[in-house]
Each structure stands twice: as C-alpha cells, then as structure tokens.
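First subunit A sits with subunit B, and in the next complex the same chain sits with subunit C.
== the complex of A and B ==
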C-alpha cells in the first residue's frame, strides 16, 4: 500500500434496526473479500474503524438513518467501495422482520 | 405452597403448564494455574473450541438460528474481541478472569445507550463469554432440562434455547430479557411461549407453573379453580389461533359467494419478512415515504433495489407502488414547504413531485427498472386534475426513452391514480388512468371537511358518510363501465365494521394492513350481499 489518496464514499443506512448483527457480518465479510484496507465512520471526520472487524463495527452502533462513510486504500479500493455502498444501498438484502431472526 | 402470581411482559404468545426448571448461569471461579504463556494458549484453544461448537450447531440450524450463530462465530473469530483479554493475561491476570472482564466490558458497551436492539445483543455476547469459560474449565452448570419444561433464567442465550427440545411444549420465563432479543424472536418463530421482565430472581421460581404468555402472567402452585380457568383460556386461544390461520390463507369470498380481492398495504419492506405472498392477492399500496425519511434523498439505485425486492416477493402478483406522498402530515426535509397555513390543502403528493421533476424522475426510473422483475404498477397520490396525470405520464415517457437509449433494462409500468380529492372522484371519467384506488382516509376528510388529525371532529370524519360512499360508488361504476380496476386502500378497508357498506358500493378489491388481513377476510366471509 502506498500513500495514494484514499477512495471515499458514503451511503444511507436504511435497515430498520440499524447496522446490527446480520448486516454487520455481511459488511465485514464483503470488506474482507478485498485486499484494500477499508474503514468505516459515522462522519466524514471519523473516528474510523476497521470495516473488516465485526466487533469494531458493532461498537459503532450505527442506527437506521445514519450515513455510513467508507474510505479505502490499496489495490482494489475502488471496487471495495463500490461493493460496500451497493450493499448498504440495497439494505443488506435483508427482508428483515419478525420471524426472520433479524438483527 | 399457596398460589403465587407474577407478571412480566409477553414476548412470545401462548400457554404452557408444567414444572419450572431454573438455569443457573452463574459462572464458577476458575482456579488459576499455569504461567502467562500457558494461559494465552488455553484461551486460544477455548475460543477455537467454542467456534467449533457453534459451527456444528449452525450446520444443523434453520436460517433464523444460523444467522444468529453466524454472528456469534464472526465475533469470536475477530481478534478485536479477545485483544483486551490477551493484554490482561500479559499483565498477569488468569485467562478466565481476563476473558470474563473483557467480555463484561464489551457487554456493558452494548447495554449502554438507548438502543433496545443493541441491549438485546448483550445476551449473544454473554453466551460467548460462558461458552469460552466452559472450555477454560470454569463452565456454567449444565441444567437438567427435560422435554416440556418451563425454563426459568435471568436471560437466555440463543444457543442454549436451541439446545432444548421444544417439540413437547414448554415455555421460557426470564427475570430480565427483552422482547427484541434474538431468543424472543426464536421463541415467536417456534411458537414457544415466553414472558420477559418478570423481575424476580429465577432461583425463587419453583414448583408447578401455569404460563399465560398472551398477557404475561405466571401462576405458581395454582389452586384448582385457577387451573380450570387457565385451561379454558388456553382452549379458546388455541381455537382462535387455528381459525385465524385457516382464514388468512383462504381466498376472501362473501357468504353468498362473491369473490373479493384482498391486497396488503406496505409501509416498509421489512414487514414482508414473515409474510408469504400466498396469503394475499398482491400489494395494493407501498408507501414509499420510508425511503425519504433518512435525511437525504435516496438515489435511483437504492430505490431500484427496494422496489425490485418488493416485486420479487410478490411472485407474479401485482405490486402497486405509490410515488412519494410527502406533504400534509408527512414532511420530507428539503422537499416539503414548512409553515403552510393548511398543509393538507397545500403542496403535497403528486403536486410536490411535479414541482421537483428531477426528484420525481429518479423515482419513475427506479420503478420502470424494477418492473422487469414483477408486476409493478405506479400509483400517483393526490391527483386533482387530468393534467397532473398527463404531466406524470409525459415524464415517464421521457425517462423510458432515456433508459432505452442507455440500454438499461426497464419496462413501462401501468400508471394509475389514487382517488382521494373529491374533484377527481366527481369527474372520474376525465382521467385516463390504468386503474383507480380510493384513498378513503383523505377522501373522507376532504368530503366531510373534518381533519383526520383533529380529535374534536373525529365523529364527522366517518368513511361511511353517505356522501363518501356515493363518491366511491361513482368511481366503481365508472371502473366497471370502462374496464378499469377500482380498489380501496384506506383504513376503512381493514375495519370489519365498514366492510359490508364498502362491498355494497360495488367494490370488489381492498388493500389493508397485514395485521388486519385475517380479520378483513373473516368480515368478508360473514357478509351476505344477497346475490
């Protein structure tokens, strides 16, 4: 990884219960599939946390309606950011509701 | 022992009776031994064993349970969880104490703050703490739970719940716990009655118990009269549940054999998770305002994903999606005008959309793209003049052409209107819409001049007012004559007391809240139109 400018993007969290158990797992699994270092924050100024760590993601306690900011650097940073913003935008593919064990 | 009653919050409905078994989740102290290196190795091994155990459980679990277990596994496999514990061991603390302190800190973080759903996750972490402690030789005591037991505990981790065989009945009593916890969701999904927040130390719960988790009451050592009353309520509950379940899956038909289509209203796609499209004739109204409530406007891609999911859920049945109905009592930051002297008579519904064509175009494009995945229909709210319908149609034409030119897959959805402004209802033949849907809430308030948010005139705002019913009949008759579908999607459609009057206007299609579906179908079944 070099000192190149990080790739930055943000996405609105639309899931009813926020960035909870299952979405957090999906997000970190996706982040881990890229070589780039990926970080997440609730504001453009940080504090940034490792988007590949479910424990750290859960500590953020992002509620529904929060804007998630991503920044990535390294080889496939562009692709990583695109995929993560897309995942958040489609609500983590959660038809989350009663009986679905959602969280 | 004399009879004793305790009350908590119902978390999963149902009735159960039997002996109480208390789970003692207290964690024993581990006798410390070994040096720092050995303690770290012991903790690493215990974590691996716990992951193996949870993975085995996940392999046999259904989707709901596997999702929860997968979350727990992901946390355990994350070094960030054990980092503070390893740091503590390095400073001379034994592995079990180090792990317990680290997890207790993490749990305290989840419990801090207002978010109920996060509080509920604390039980998942407590389970991880105890599992790893088990493998460090400091385990929680394995409970003697037999089939059909009434299980009492402070809180119950999902994995312990899953390890119990519930097929023979039983129930869960928690002194703490939350309706929103994973274990409560699992209990509801499996039909295991559960009461939370009993506020009594589970050690003190013992003996024969009657559990009424519909109202949250627990009776210990019941007197014979109490037991007889309990059994009567249990039978009536089971009968009612069977009846409603039978009706909800059946098509709606009146006593004299007239079929009525019943659709559901959807305010958020999350509502669909536990519903099957088989229970209804499609979605009669999607309120898209939820997409616009986040403080920023949703882009085309985000909208498309949501509309597509709705279309796919419906599995070939129609999905009627209403374009943004902001204004009135539903402001959207950055779009609606604040301080209108009478917002219900101001810039709302399609009036607002047409005044922001850029925002409107994004929604129309997303809808046309989603139409490739199901029977998507577009419905315009608050239409007053035919010109408004035509302006929306022209915009849809333009966006269809743009999508085609860009090679983006899209299909043109039928364009219909809500009938909620009296001017539209009275001159309905002037609107060249593909379908009509009566918005009875607004139509009633505009016809009766009685605001829906003003309690003092609530009696006047009656959807069964003769003038309102006459307007509905006018629209229905025009629909028949011109071959256009007419439906009704206001609250009146889900009110059993209003159904007969609505069907007598000639309406044969309703759209109601999912929770009102069973009662609506039952009310239709009781109605005899004498045909």
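== the complex of A and C ==
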C-alpha cells in the first residue's frame, strides 16, 4: 500500500555550532542516501525546505537549541526519518571536533 | 538486484593562488569526505599568482570520472583559462566538463556535497550556482 501521509518527526539541535556548514553537509549527505523525499523546517507548520539541498539547508542557519522538524514521504521514509533524527541526536558526531575542549 | 557502483562527478578547483586552491580543497576533503574525486591547481608556471592552462588540464585529468567534472574558479583569468582547457579536451570529454558560476570555496564544498550523493553533472553545477544571487 502506498500511503500519502508523510512520516514526521522532530529533534533538538544540541551541537554547539547549530546547523552550520559542516552539520548541514552531513545532513544533506544522509538525506540523499534515501529515495524518499525529505524536508526540514524550524516549526511544525514549515516553511519546508528540501533536506537534500546543501544550499537550502545551509540557509536555514538553525542555532543550538532549535527544534528541527523532518517530514518524509516515499518508500524508505521511515528509515530516512529515523536516521536523520539519530544524526541530530548524536550532535552530528561533532563532540571530538574543533572547539570541543571540555568533556 | 545488482546496483552499479556509483560514479560521482569530480571537482576541480582553479585559483590564482596555490594556497587558496589548496585551502579550498582541504575544506572539501574535511567537510565532504573522500567520496568525490578532487583536484586543485593554482599559480602560474613560474610559481607566481595566476593560472596555467596545462596545469588545469592536468587537474581535470586527476579528477576525471565518466560522470564528468565541475570546475570552480576565482577571478577572470581562472575562468578564461579553464574554458580554454575545456576546449582543448577531446570531444568525448568536452561535453562532460562544466565551469560553475559560483564562489570558489563555497561552490567547491556545495558541488562536492551534491556530487557525493551521486547527482549528475547538471545538478551538481546547478546546486553550486544556486549560491549566487539570481
């Protein structure tokens, strides 16, 4: 059965730099690895931007503490949403990155 | 079902300065990773500021993939020399190399990000050019 209802989830941005260049690249690369159409917004009502577009995701400029809303539709939408929420929840694996002097 | 191994578009960075070219390439490698063939060139044949058609041709060779190559340039001469290099390629390759109208550093990172997802040449170019005000 094909459902028209998109899969929706949200995640809190916990990494210090927010959704800056490096996290934005990771996010779009991950989104691109799924067939589903994936979108991102800073609020549940949108405006929604294509999560596979590195240019548009960088323009979102979400700071630490923002809530990222994801919406996906298509075959592997569930897996896409799960992976993206996980990436945000892990702080984009940036803990050991630059500027992270404190434990 | 067997999937063809993904061939990603390559990225070439052409700056008047070898340091700018190398720095931009460092940013691409650190931010985007190793999934995209990448080459850079900067400076003229004497080691000064400038660009060199032969060096650009060699960079295109290093970054070459059957999916094609996008070139990111800085100022005027980098663009005209890159276009000259493209014209010197054999016909089969010529149609698969595109000079992007985008800022060199940001364009290289964005183009490589787009290319790393397996996007075709036109889409990689379009994404980099989306950076510039329309």
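The definition used in the following text is that the second predicted complex is superposed on the first by the 92 of 103 C-alpha atoms of A that agree within 3 Å, B and C clash if a C-alpha of one lies under 4 Å from a C-alpha of the other, contacts with A are read in each partner's own complex, and residues count from 1 in each chain.
Keep in mind that, in the parts below, a contact is a pair of C-beta atoms (placed from the backbone, for glycine too) under 8 Å apart; a residue touches a chain by one contact, two chains touch by 3 or more.
What you see is a predicted model; the values in this text were computed from it and never measured.
**Student:** Record, for the superposition on subunit A, whether partners subunit B and subunit C clash or fit.
**Tutor:** Aligned on subunit A, subunit C clashes with subunit B.
**Student:** Considering only touches as defined above, state whether A:32 meets subunit B (first), subunit C (second), both or neither.
**Tutor:** A:32 contacts subunit C only, not subunit B.
**Student:** In this superposed model, does subunit C or subunit B come into contact with more residues of subunit A?
**Tutor:** Larger number of subunit A residues touched: B.
**Student:** Should A:53 be classified as contacting the first partner (subunit B), the second (subunit C), both, or neither?
**Tutor:** Both partners.
**Student:** In the superposed arrangement, does A:21 touch subunit B (first), subunit C (second), both or neither?
**Tutor:** In the superposition, A:21 touches subunit B and subunit C alike.
**Student:** In the overlaid three-chain picture, which partner chain does A:8 touch, first (subunit B) or second (subunit C), both, or neither?
**Tutor:** neither
**Student:** From the superposed pair, tell me which subunit A residues show up as contacts to subunit B and also as contacts to subunit C.
**Tutor:** After superposing on chain A, subunit A residues 21-22, 25, 28-29, 53-56, 58 contact both subunit B and subunit C.
**Student:** Quick check: in the complex, which residue numbers of subunit B touch subunit A?
**Tutor:** Per the stated touch rule, the residues are 63-65, 67-68, 70-71, 74-75, 78-81, 106, 109-110, 113, 115, 117-118, 120-121, 124, 182, 185-186, 188-189, 268-275, 290-291, 293-296, 298-299, 301-302, 305-306, 309, 313.
**Student:** Would you mind writing out the residues of subunit A in touch with subunit C in their complex?
**Tutor:** Residues 21-22, 25, 28-29, 32-33, 52-56, 58 of subunit A touch subunit C in their complex.
**Student:** Show me the residue ranges of subunit C that touch subunit A in the complex, using the header's touch definition.
**Tutor:** The touching residues are 31-33, 109-110, 113-114, 116-119, 127, 130-131.
**Student:** List the residues on subunit A that touch subunit B in their complex, please.
**Tutor:** Its residues touching subunit B are 11-18, 20-22, 24-25, 28-29, 50, 53-56, 58-59, 61, 63-65, 67, 86, 89-91, 93-103.
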